[in-house]
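The two complexes that follow have subunit A in common; it is paired with subunit B in the first and with subunit C in the second.
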Partner chain A sequence: MLQLAGKRLGAMVVIILALTAVMFGLQKISPLDPVHAMLGQSASAQAVAAERHVLGLDQPITAQYLHYLAGLLHGDLGTSYRTRNPLSSDLGTAFPATAELTLYGLIFALILAVLLAVATTLRWPGSWLFRLILFVGASMPPFLLAIGGILLFFVNLGWLPATGRTSIHNPPTGPTGLLTIDGLLAGQFNVVTDALSHLLLPALALAIGPAVSIGRVLRSSLVSELRSDYARTARAKGQRERQVLIRHVIRNAIGPALSMTGLQAGLMFGGVLVIEQVFSWPGMGQYMTQSIPVADFPAIAAVTLVLGIGYVLINTVVDLLQAAADPRIDV
Partner chain B sequence: MRHVSSGEEEAGAAPPHPDVSFSPARPGTVAEVENLAVTFRRGNRRIHAVRGVSLDIRPGEILGLVGESGSGKSVLGMSLLGLLPEDTLEHTSGRVAVAGKDMLHGSADLRRRVRKEHLGSVFQDPMTSLNPTMRVGRQVIEAAGSTEEAVRLLRAVGISDAERRMSSFPHELSGGLRQRVMIAMAVAGNPSLVIADEPTTALDVMVQSQVLTLLRSLVDEIGCSFLLITHDLGVAAQVADRIAVMYAGRLAESGPTDTVLRSAAHPYSLGLMRSRLSLTSPRTGTLSTLRGEVPSPVAPPPGCPFQPRCDLATDDCTQLLPDPVPVIPGHLSACVLPAEVVRARRPAPDAGEQDAGEQDAGGQDAPQADAADPESAVPAAADAPGAASAVWVRQIRRTFRVKAGRGRRKDLQALREIDLDVAAGESVAIVGESGSGKSTLLRVMAGLERADHGEVVLGGSTRPQMVFQDAGASLTPWMTVGALIDERLRGEGLSRAERQERVVAALAQVGLPAEVAQARSRQLSGGQRQRVALARATVIPPQVLLCDEPTSALDVSLAAGVLNLIGRLRRQLGMSVVFVTHDLSVARVVGDRIAVMYLGNIVELGPAERVVSQPAHPYTKALLSAVPEAGAAPMVLTGEPASPLAPPSGCAFHPRCPLADDACADSELRLRPVRLRTAHDRAVACLKPELI
Partner chain C sequence: MTTSNTPLTKRTSRIRMAGAIAAGLGMLLASACSSQSSSSQPTGGAAPTDHVLKLSFLQDPGQPPDPDIYYAGQGLLLTNNTYQGLLQYQPGTAQPKIISNLATSWKASKNNSVFTFQLRHGVTFHDGTPFTSAAVKASFDRRLAVNSGPAYMVQNVKSVTAQGSYGVTVTLKQSNAQFPDYMASPYGPKMMSPTGLAQHAGKDHTQTYLRTHDLGTGPYQLTEAKTGSQYQLTAYAKYWGAKPYFTTVDLPVVADTSTQQLLLNKGDLAAVLHDLPQSAVQSYRKSKALKSYSLPSMISDFLYVNPHNGMLANQANRQALLQAVNVDQIYNQVFAGRAQKASQAYPANVMAPSLAKQNIPYSPSALQKIVQSLPASQRALTVGYDSSQSDNQVVANLLSAQLANYGVTVKVQSYPTSQIFGWVTNLQGAPDMLLTTGWPDAAPPYMWAHISYVTGGGLNYFQCSTPQLNKLVDQGLSTGSTSVFSQVGQLAAQSGCWDNLINEDDFMVAQPWLKGVAESHVVSTPATLNLATLSVG
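Up next is the complex of A and B:
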């Protein structure tokens, strides 16, 4: 297991390194000149040259890349051409917002997926309705779902807020940056409930598509594992159907669903950028949409890198969980 | 304790019960089945799996329930466990009671409690029947209730080192150990009845005999009853007190084991016994078979289900569905004919193999051949290919790199050094347990697998052809039989019409009608598929036909037919046959010579009849004694077969050999088969070969 973890972490480093190289390369072959983007088209040749020197753009390309990598190691993601702030401080506020939204999206997706799979496998009463709602939801693009949610729960019913992360003026700026957790740590439970009410709609809009994908995979492996020989053995021992499911079947059925979760988490990183627009969520999606039109390449590269690391991290965790679930998996 | 009593036996033939009202358990039974009928729905079709069976199981007995595939024996077992699929219950009638509780129509919770308190079960494949992601200990504790009890049970079923095994996962155990774990769970909590559905079918013959011995001793110690469901009459005969034979969802015959074996009263039981190969089956001429196949469970005939295959059938048999009636008290038979008439009947020559009346070509090993005459000796390992060699294999070695857990890789020594010379027209049977390398050797001969060392010299110009165990999987599912056979004829410069003619001729040669060419493999029965595989292999007659356990997945009555066919094709086409099998009684019948393999080496090679009647290698002796025969107490070798990942030093068999001493374990020792001085036609790889 340790060896497997080591191998996976090694692979993770290689993938991230490749990602930085791709991002750096794209920046270099882009026809947009960042200096002109910063100084305006009418800047003098002298000012441009001076700025190029300040940014290190007059150095050989390998030196620029190594410099970039060395900066990354120190947490220096570069400087935004647009805001002129270090990207680590810009993303320092945007990243936790996105991370919290994605995290809750993933949690909701898993909860809904397990409910969908178990309810339809055990044929709970009403499971068809639950399934219908999820399938209809999943067949809509997330932004449409989000707009529908706002119209229903904010405009008509007034139950849930429609914009932002919180309506409290001085939320705790705790260690994690995740309002629900920082609120808990600071003992301000009103912050937690307020943050949750803000999270509910965007996280659900994000979760429904992945929930159906994961749920269907989980259901089909549950159904086949419930018919397996060892499940028959467990029944023959006189185990209750619930014990058969919980003790025997779930651990054997979880593998494919975990793989699907890894894939869906990757897709969610794309989806969250759109959802943030709809809910004016102050996250990396917002930041990205402001950076793209002005060709703020360092910003784009930094966001991509952060999302890429998140994706690789989640899939590494998925691999390790699969190995933990099935003792036969060995490197 | 052999339970043989008389007087209550007629209870098994209780008349059909029109209602399912409940009576308390009869004294003297642990389970009762009365007029059980089970029908499954598959799409629009109804499958009549069990059609009116009555049966009692008495305390402390092993009841052997014998039947071929489709006989309904496993469905009967599942109804006793109360585990029939819920959607079949509405099409189920009759009465099944265990410990006086209704296992058919009782509530799910009642049936579950009966399973927990009164029943145990062992299933065929111990790999899939144990939860692969749960430690063995936890699985046994679920049935046993406590860790101490689980450890005690594991010890009781003969698992050494029980505490350590508790924390193993199933895949870390060998097949035999896994099945012992299953048995430990089955007898946990002292059940009154254990349902064992083909408990030894997936095991090697030596492990099988260990497990059967264990079952017998458990019954005698604990006093529980066993329902031993098996397709192999020999397995039932070895340990059962009573035998019940099922055919096409009906009970054909039941009675005390000795009575059924010695004086069977039903034509099907007789046919089954005659087509079953034993170590004393006649080797010359054709094997007796049952003609035809089991009737479709979708539309069973109105009369006796065995009537279409029965030589004694009369007009009555097509109309009347016979119920089992006593022949003598305690011995029931479902046949309208008097038992004397059935028994007097001699087996008819196999209708499909009429042309095969001539003697087996393997005349050179007829018992009268003089063992002292060197001229009759078959070379064990020639130094050069004989002029008449069909395949000559010299110093073949093959090692696989396999994952061995924790990221390490190990060498699996499949073939450690093999020399074998197969003469033109000769048939050699290769016998061995799983892991002996027998299939790898065959694949190397076929050119499907490369050898690391040594060479394979083919006598003829045509490539050897192969026939596999699972004929269904070896035929491409979306291609018609005609296209599959035709594929081999392409590039032979034949016109379309000529090729079609050859396909039909090849099918006719294996006893299949021309219409089969239009069928796809899923529309054929197991026996037909194996015939198609043979037709494909022989449409262009090869010099050598390589067969990898072609009959081990077939029912007894069909297997004999396929063996007859292979023998006839071999004579007609002048082929050599190399036949891999785990079953010595099959090897004895198909082979002119037998090669016994153990852990990548040939340990004994000689004329088939004499290897079986006078084994010289201790391993061959052990294998022979493990073949299930009625009443014979097997000589049980202790321990599991050694692993090809770590073959023991010296003679690989020495850790299990009763004759072994220090010299056998010498790491310098490299044993190769050498001819015996007392019998020149026999080569044995042993320091102390002994002819008995």
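Up next is the complex of A and C:
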């Protein structure tokens, strides 16, 4: 276990170095001019030069890179050119929003995936209908699913809100930044229910694609394991199909599905960009979308770093879960 | 007799059921689609009884709501309702007329280098500090210290001298007839509480504090500022003017224009003040449930021609190219009902319509002849547009089709704003033509001429240089002479580097119960309303 942690920590350092180097390389060759975008068309040449100096952009790129790495070592991600806020502050707000959306998206995806796999494997009545609905949903682009959801559940039925994380002004802001958890901790249940109602549509729109991918892999493993000798033995001992599945098969079949979950969770961080845009979700995707046109390189670099680290962390957790599910796997 | 559970019957039954479900899904989809079309036929909503006005930002305003930093569009709604300058432009009229604001009267010396202002009594800042002459110097000094985009408006100030508590004399280093316009500009110096500036100065001249608070005298206070998520204004109880009807203004950030329209159509927003695409404009103009406004503005859609690229280095070729642009077609297909075809070299409402005529007739034959004489390798042109301006993407495609008729091979390409700004100093990678929308900081023609036409100007993207024009702009700065600026405009048009294609209106859509929209709009301030004069009726 320690070896795995060490390996992954090493991988994270390499990823951080690689990502920051790529970001700085791109900044160097990019034709974008963040200082002019910051100060506007009437800024004097003197003001532009002064701001360039303040931001350190008049230094050689290697000096800028080393300065950036030194800042990272002290937990300083820099300052956004656009919002003028420290990036730790901006991402401190945007990251929990994305994390909460992705977390619920993943939970929904896992629930739907397990239902899909188990229902179709055990041939529950109506399972084919469930599969059909999920497949139709997964075949649609996420933005279309999102817009369809808004039209149906917000415009037509008026059941769910269409935008934002909450309609409540000044909800609790700590300790986790996840409104559903902070609301619970603060005893403000209206915040929890309101946050959940805002989460439902975007999290489902995010979940359906990954649910089908994970569900299909899990189903394939389940079917294969159900044909194995130990399953046949269990049946011969008089166990019912459901008991065989729950007691013996699931644990053996879960490995490939966990791998797929890790992959899908990483991809969800990418997919969340579109979903955040449609639902005006104030997360990292929306933050990134607004940072790119104005060449806010520190913001772009910080989001890239957080996503890179998140990807490594998720895959580490998946590896550990796989090892826990099947001790034969050497992590 | 067959039993009902034979495999064949099961299969048939499943097929039927699948058919039924498919039909159901189809109906669901159709319902969503029909709701999409019905969403374009808005139902509107009832007037609020809680005195809360719900508007929105499309994306985030992008910069802090600090008037010494903010230098873009939609966030003017925050800075201009929380802060006030010494002067202002009169709302509700297309003619930019300067009227009093925190200064009740003002006087300029004969050579426009000394300005005296009498200040309003009984005004307090939102932190409770009384407004006196001390605030003028503190506010000017702070703008200089922050030294961001709008700082240029006070860089020419030599001294600010208090004449008692309610009088102030501003002496300039160099004569400037436009100085009162700077004071009235939506981007102009706003008065800030000197007490608050000192108290929250920190190491950055109060910039950190003003990201989430304000220190102004306006009818509203900034009570919430969550970047990318939500802003809120609350009426200031001790405001010196008439009390606003709306006590709270909620401004959520809506990232997507379709979602914004859905919220408006359903009555969840009172109005949308900016960035509606042409398809939505046409639909709202026909709507009976919502009221649309095409309000006078100084927003113009310009075509820039790069004099440093290929065949366009020749002035006659540039003029021929501009004459080949069918502006009528562009107007009809993209801007009809919310704009006018431009005839002047300046944005609309900047000077009398008879002045600064461009005189660019539609006559494609000259370009046709030029193109025929060119080798094939020189017939290719790139039309660029600002990627944040969806209208200009359509215009670029139209232009591409028009020029293709005359034998030009056209490539259309989008560029981010930050890249476009960079061409002012480095033309590498710049296209042959650029379509972009803009507006001046204030009404006088100087404000447009000095950034667009003068060499080194911040909007002179293709570094087009006309020495005679530069001299005239310098001359006009001290006198403010409209005839000089008319000449400047004509020279700019003759250079073939610029063509003002369209003068856009400020198009807004509101619920029918929202009263005072046109009266609350200021010609120089796009995408913004004076919220204090809005009401329900």
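In the analysis below, the second predicted complex is superposed on the first by the 310 of 331 C-alpha atoms of A that agree within 3 Å, B and C clash if a C-alpha of one lies under 4 Å from a C-alpha of the other, contacts with A are read in each partner's own complex, and residues count from 1 in each chain.
Convention: contacts are C-beta pairs under 8 Å (C-beta built on N, C-alpha and C of every residue); 3 or more make two chains touch, one makes a residue touch a chain.
Keep in mind it's a predicted model, so treat the numbers as computed, not measured.
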First, second, both or neither for A:I275, with subunit B first and subunit C second: neither
Subunit B versus subunit C as contact partner of A:Q3, first or second or both or neither: first
Touched partner set for A:S228, first subunit B, second subunit C, both or neither: first
Partner chain(s) touched by A:A325 [first = subunit B, second = subunit C, both, neither]: first
Subunit B versus subunit C as contact partner of A:H248, first or second or both or neither: first
If touched residues of subunit A are counted for subunit B and for subunit C, the larger one: C
First, second, both or neither for A:A236, with subunit B first and subunit C second: first
Overlap of subunit C and subunit B interfaces on subunit A (superposed complexes): none
Residue ranges of subunit B in contact with subunit A within the complex: 81, 83, 108, 112-117, 119-121, 123, 125, 128-134, 142-143, 169, 171, 182, 185, 195, 403, 405-407
Residue ranges of subunit A touching subunit B (in the complex, touch as defined): 3-4, 228-230, 232-241, 247-248, 251-252, 325-328, 330-331
Residue ranges of subunit A in contact with subunit C within the complex: 31-34, 36-45, 47, 50-51, 82-85, 90, 93-94, 128-129, 132-133, 136, 147-148, 150-152, 154-156, 162-165, 169-170, 276-282, 286-287, 289-290, 292-295
Subunit A contact footprint on subunit C (complex, rising order): 14, 17-18, 21, 25, 28-29, 31-32, 35-36, 38-39, 59-60, 62-64, 69, 71-72, 147-152, 155, 207, 211, 224, 226-230, 232, 252-256, 258-259, 262-263, 265-266, 387-388, 416-419, 421-422, 424-426, 428-429, 438, 441, 451, 456-459
